[in-house]
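Going in written order, the chains are labelled A, B, C and D, and every chain counts its residues from 1.
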């Protein structure tokens, strides 16, 4: 159930291969009668990180919606390594990889304030037309923005991608 | 915290003044680290009861949406009388009262399988145009359907309404 | 449905009668198929504000739990004044009033970043023994901390309290 | 985004390889501003199916908790094949596979009332001591109950398991 913290405390909380992170705190509503955060809450935190990533790098998810696109979730995976509890401070690292046609993938690493890695995972997405929900190519401006962000960490992201999905 | 069960066990679970009830079971995801159902879950159960009420009596909430209406929640009130726990079976009684113009109110009484009254409350609504979210008169067919259902229990509902909102 | 913003933009977002506020952003998971935040999400935001209030003023809710207390929610009320949408930034103002014996009440005012008042409400609580969930007097250290915070805004809170519950 | 329904309408909704299913209806609170069920809701429906499975076959999850065990979620995976909407009726098929030591896995297939396969996925679990959250061997009575249920569909479950996790 428990893994040893493998990260050194650092000011920026930057994790190798990740250029972005956002912080959430475990809400009481996130917990369940086991006294720990419910497994579905992690998917919400992944989403919060995606939204913040797109805000920082691509004008925001609402900008995408305003232009008639939505991003559907095709697949989600989460590995729960250490239970988290009410009031824990979590740094959700996110990166966007494998952008091709209508598809792209986000990978996540959740690190608690004490540097314990508490979860990792990924979500696979399709860009769709907001009206029909049919797949449509990721718009060029968004693809370019994402590629620009992730180009610096491309090699580490690829190796991690194969690790997580194997 | 605890009230004595005041209802007699009965097959139909009909409660005075209520013509309708639906059943939910407390999900693990509904609970929190106090080991009991989270306070926000009750508003979701109220909604489940509203939806089932409209299904039984008025062609369903989706029928309302299909005709270009939505029902917004203007106010919600819940009184938590007895904590409920994972796997509890709850009978959510609902009735629609005070239908006037664009406005109407639902009242609820949640009774556990052992006949303990675990919560009551109400939600105040406005019928709105789905596009603009502006108030619009409740359509005649819906008003007629609701009045027909509730006419039999009108007197008891009025007295309860004043009790709850005082 | 819509009220005019009555607050002037200001740096501190301090609202008359409230000494505390915290900020949440409407998550995509908070929204529903009406395109607006779901009514139950507001109770979660109220809780986030309570938790942050207790962190700032009374050593945190976890400190209360660590000493064998829980705070149950006895009643909740929310008035939804303006629909809120994905990505809206909300300032949740909170204050603790009517502390007597085991009971206390939190009042809330939710103000959007554009100064629209989008919701207000309150939650009534009982301090309970964590093991038995039976009411127990609010510990002196907590009562003293809360009274100290709220003494400056006592008069305005009382008038607001009667307004909200009438 | 869309797969053709591959199942024939049938009264029992039994799907090859699955001995158990339970039914949920998409709640309004499950939907998001895309007008479809939120991705995290599927993990809650998986949980509802697990709980009902254990009720039918092993005395219920609460029985497990009453004896001092909890089942933690170690991993979750969901593949979203067809968007589901408010009021959709979903049959959540579940089976328990790969029971070894403290570990076991649930697999799921969600079929809508019109026989469209809308999602599949799995959750990996560890049986833990409720007090310490440390892994502990699945109790013999539970292991025996699960093996008895699943022995009839063992071959199909294995092939599906490799498909889903590849």
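We adopt the following convention: contacts are C-beta pairs under 8 Å (C-beta built on N, C-alpha and C of every residue); 3 or more make two chains touch, one makes a residue touch a chain.
The model shown is predicted, which means the values in this text are computed figures rather than measured ones.
Chemist: Write down the chain pair with more C-beta contact pairs when B-D is set against A-D.
Modeler: By the number of C-beta pairs in contact, the winner is A-D.
Chemist: Look at all chain centres (mean of CA atoms) and spot the one farthest from the centre of chain C.
Modeler: D
Chemist: Taking each chain's centre as the mean of its CA atoms, how far is chain B from chain D in angstrom?
Modeler: The computed centroid separation for chain B versus chain D comes out at 30 Å.
Chemist: I'd like the Å distance between the centres of chain A and chain B, where a centre is the mean of that chain's Cα atoms.
Modeler: That gives a centre separation of 37 Å.
Chemist: So how far apart, in whole Å, are chain A and chain D when each is placed at the average of its C-alpha atoms?
Modeler: One centre to the other, that is 24 Å.
Chemist: Which chain A residues sit where two or more other chains touch them?
Modeler: Only 28-29, 36, 40, 44, 47, 86 qualify.
Chemist: For chain D, which residues are in contact with chain A within the complex?
Modeler: Spelled out, the residues of chain D in touch with chain A are 1, 34, 36, 39-41, 43-44, 47, 70, 72-80, 83, 123, 126, 128, 130, 133-135.
Chemist: Quick one: in the complex, what on chain A touches chain C?
Modeler: Interface residues on chain A, with respect to chain C: 27-29, 44, 47-48, 51, 60-62, 86-87.
Chemist: Within their complex, state which residues of chain A touch chain B.
Modeler: 28-29, 31-33, 35-36, 38, 40, 85-86
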